[in-house]
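Presented below are the structures under discussion, each in the form of structure tokens.
In the two complexes below, chain A is the common chain; its partner is chain B in one and chain C in the other.
Right after this comes the complex of A and B.
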């Protein structure tokens, strides 16, 4: 197993280098450069030229590439051209924010999705099944940013005008913490953070939960028609054990594949949700950096994304072995 | 200061501070009770650096100049220089040059306890003059030759006479030499001082910066009385919230106090809410359509005049800006002393436009209804960057011009790839819609002089020898009464030649929560009197018990 993990990680290295090289070429091939931030008639062209020189952008592309690669390989991500601070510091601030948001969403997606899928499969063609199918499709077809805006409108605005609505269900519209965060005690801080997480994680996760529920339902239906399920029932096991112990494990296999696919998707979908909820995460960082042509930040964030994709897929592959004893990695 | 909107729709939107003080009579709250409370400001612009030598966009500068640092002088509401960090200044003539001496207050300290002295001013001046710093607005100091520190609190500059020589000291915040003195000029932009641990000398101290999220400042209790003493507010939180709906929600639920740049569509919603109000003020931006003068169709001033006559600018202001704008006549906005109030903008007159086009030889002869001359069709591509307001403007312009037989196709282009096309010496475009910001010291040679036709901002490829003469003269004339007739003539010529079709001078709408008092925003900026903002004790947020 360990050998397999090491081999997979080693295989990822050329892949990551290839991705970084391509991104480097594409970013520099795009028109414009970071000095566009300063474009203004009152700013002399010589000043912009000097900025390029200070940032090393006046060098030929291959030299810039070698320079960047050198410092990257020594662990130095450089300094953001637009934000005037070390890229490592930016990442250290933003990665945890993104992990919190997408982690909570992922939890939400899989617990809700799997639970709903099981219920639907067990009660196939019931009113409940049809109602859940309808709402799953309804939610699935909503874009996350629109859903986010609607959540804000209802749960962060309209409910403030309803007197009987409980205060803890009136959510903040944006940010990770309240203005008075520093003055709260430990549990106050914890609650405040949780309170801020509710709407964005729902906006980010709910449509994926709906699709997971669809997959789970059909996968479960396949499984419960198998002979070994009939055997389990025949030997008198309670239905609960049959479903949750015998059927679930096998039905989860395709869902695990999806998890590997969803993690990167969550990061990209987070751009819109992060914008709507003013959540200072990685998605917004990379999009803003691309528009500003903030090369060091684009390269570093791309790297982080690529690493996350590789790791997510590795985790999915390892989970196969956990749920399916037939799969072994030598 | 003119702060009146001319379009009918917007009259109902003007709610000044008077309105708020009626709701909450100021006399209830004594001077001493005004101290305290947290104000939360949110903007769609992210502020990246407090280092004045690194970051000079408008939003960063407001935080630098009004919150964390101090400038040598300020402008009063009539835009006259008044003392600030410099308690006084005097000028003397030294063989054809001007010697400008500032006497600084001796009781202003950096927030780490070091006194702010003339050496800090000299250091900042030297870095700005050093090309390696790449200080964006270095050209503002181009009349300045050198600086001499006379004693700790006196500094003399030697400069060539220039009508706007005081203006730079309004926006340059001296930086601390004892912290940045050893940083090589070329590395100043990347130095962590700007975004990690800035130390100022202004009415507020820096507490925390979370990138992409917020800046937090607290009142500086030691801010000297000679500069106004400590500010009323205890804490100032400056948040970056990109999405407009989110800011609206935060304002209306009381978690946001000052919402910078409210889109016209949200104004009615805010006004209908009893806990919030909208204030408007003129700002320094104007929107325009630039015609590429190198294209045969746009090279004739009569045709450009026809284009302006055919565009219903009032409709644009009303539809796109919800009335927040004044129809523009040129590059000199109404707040500026040189603005020609008597100059009426060209009317919306499609019939006159058709006549002008006919006279110029552009006639519609075939069935498609598009005018032609010498086999060239009056058809062009109008572009803008990805900005919903400007895309709407393009659509309106397209419809207006179709009525006079001109075919317009529109294209919203990614900002930097559009920049490549419009700034490049090939001028690879037909026409575009953009906005520009006016300086208090207007120097339009960068836009309209005949020399250096390939310079980035000569995108109109406009050349008029008389305009050239005027622009060269007005920037060196010290006496406003002498240059005023020239400024008027310049505006007349621009109106006649229409190198751009000037659309409107922007009026900014900001949202305020009812608890905010004493807020006055004007052409000098949204935060210009942040020092005097206050919140009555009863209106302050619960702070969770800690204070």
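Right after this comes the complex of A and C.
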């Protein structure tokens, strides 16, 4: 087991170096160099030349590559062109917000997906099963940013005009906290944050939940047909115990590996959903950076996203090795 | 074949299908025919204008109308007749098609896709407006949906229905072309990787691992940000970044095919590697590849909509579903219809491709066939 973990960690290193190299290539594929941003008649060409020297852009490509690699690996992502402060400082503010949003979404995806999948498998071919399959198809085909807009339209605007609609189901349209956030007590703050998380995490997660439900349904159906389930039923165990204790454990195994697969998908969605809900996370950072032509921020965010995916895959693999003792890793 | 020869049954499209007990199928064909005739009658002046205007998309629409009317009148008998004859050696394509036809949802998807494609081609006949024409903004701005403007008008007073129709052209063509690029590249890389194995495989697959580690949208916007956004750029970048998943599928298929007797025989005959790959292996992986392509189109339409929404795909005066939604975003509360309808168009299109893709997957999968 330890050997497996170590080997898996070692495998991630060349992958990360490769990702880093790709990001470097993207950056240098850009027409012109970063000084182009400052190019205007009031700046003397000598000044631009000086800037190139300061940034090391006059060095041969392989020297630049090594220097750049060294600084990226030590967490020095350079200076943001638009905000004139270290990219690492900007990312340090934004990464936790994206992790909160994706984490809550991931929780939502797996709870709803697994629950719906179990219900569908237990009631296979019933009206409920068919109805859920059909709505899953609909939900699965929705663009997350459009769903976000529709949720805002309904739950952050239309319901404010309905008198009997409960206040706690009227949601804020954007941001992470309310204006009066600082005046609230601990639980008030907690509730306020949760309230702001509801719509974005639904917009981000619901389509993945639909597809998890689909996997869960077929995984559960596979398990239910096995002999040991028949034995459990023959022993006279109540159906509830058979499904939730005996079948669920094995049916969940293939679902765990999906976690690693869904995270990149979730991060892609986060770029759009964060833009729609003005959520100050990495997705919005990269979009804003692109509008401002702030390449250092764009590339650093891209790199951090990829690193997060690699780490998530690693965790999913390790988790799978821990929960499934039938698989031996030598 | 007794009731197939009723002479009257052929006059009304779909009637023959209904007589044979395919009620819903017959009705759908009839509805399609009715819709086409309605276009011909209601837009008769625009159909006539085809001959005077001399614009390319009018001619495309005209030919589409003629071809689809002819097809609808001929469709009933062909659909009902194809599986009637007993065949001795049936190709895998025919078996798959027979399987596919039995899957009602998949056929529904195909029907939806046909209607959508027709609608995009017939666009100049379906709407009296131009997608980027506006006259008196003060009078026509943000009109709610009505019979004149089926989906209302946007902030410049442009007809949203017209823009959704013309946007479909952009979204669907980006979808088809970039999937074609991604699938060809993926098949090529996957086949080479699986067939040669060893170092080639290791290098190619590590590259695939790297590309897959980037969240798709992030990778796409990071690359597109380096250039000026345009339709051709988006098509190329989508095509060049979405191939890895196909490559993985093809590789795993090729790994098992490589050990089979017919490939050994091909080796024994002294055939060259490219010939074995393209003539003997690739035709056998076409099933999964076609499934991946169909599901991929739906996916690419979603991704492209996201890119346009962020303003990183089709530059504005040209309509695409994503940028219409983006345009309505600021006025969501005053004019909900601007953002809502293009989104519904995306949902319907993606559902259609997902249904077809799922149907094809079942149709190509022999295990499903045995179970039925």
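By our rule, the second predicted complex is superposed on the first by the 278 of 330 C-alpha atoms of A that agree within 3 Å, B and C clash if a C-alpha of one lies under 4 Å from a C-alpha of the other, contacts with A are read in each partner's own complex, and residues count from 1 in each chain.
Going forward, a residue touches a chain if its C-beta (ideal position, glycine included) is under 8 Å from a C-beta of that chain, and two chains touch if they have at least 3 such contacts.
Because the structure is a prediction, the values reported are computed rather than measured.
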item	value
First, second, both or neither for A:250, with chain B first and chain C second	neither
First (chain B), second (chain C), both or neither touched by A:120	neither
Contacts of A:29 with chain B and chain C, given as first, second, both or neither	second
Partner chain(s) touched by A:201 [first = chain B, second = chain C, both, neither]	neither
Which superposed partner A:287 touches (first chain B, second chain C, both, neither)	second
First (chain B), second (chain C), both or neither touched by A:299	second
Chain B versus chain C as contact partner of A:180, first or second or both or neither	first
Which of chain B and chain C A:143 touches, first, second, both or neither	second
Chain A residues touched by each partner, larger count belonging to chain B or chain C	B
Touched partner set for A:79, first chain B, second chain C, both or neither	first
Overlap of chain C and chain B interfaces on chain A (superposed complexes)	30-31, 149, 152-153, 157, 275-276, 291, 293
Residues of chain B that touch chain A when the two form their complex	38, 40, 46, 48-49, 51, 54-57, 131-140, 186-187, 189-192, 194-196, 210-214, 237, 239-243, 245-246, 249-250, 252-253, 255, 414-417, 419-420, 423, 436-437, 439, 443, 446-447, 455-457, 541-547
Chain A - residues contacting chain B, complex	30-33, 36-48, 50-51, 53-54, 79, 82-86, 89-90, 93-94, 149, 152-153, 156-157, 160, 170, 172-176, 178-180, 182-185, 188, 275-278, 280-281, 284-285, 288, 291, 293
Of chain A, residues touching chain C in the complex	14-15, 18-19, 22-23, 26, 29-31, 137-138, 140-146, 149-150, 152-153, 157, 264-265, 267-269, 271-272, 275-276, 286-287, 290-291, 293, 295, 298-299, 301-302, 305-306, 309-310, 313
Residues of chain C that touch chain A when the two form their complex	206-207, 209-219, 221-223, 225-227, 298, 302, 305-306, 309-312, 322, 325, 329, 332-333, 336, 339-340, 343, 346-347, 350-351, 354-355
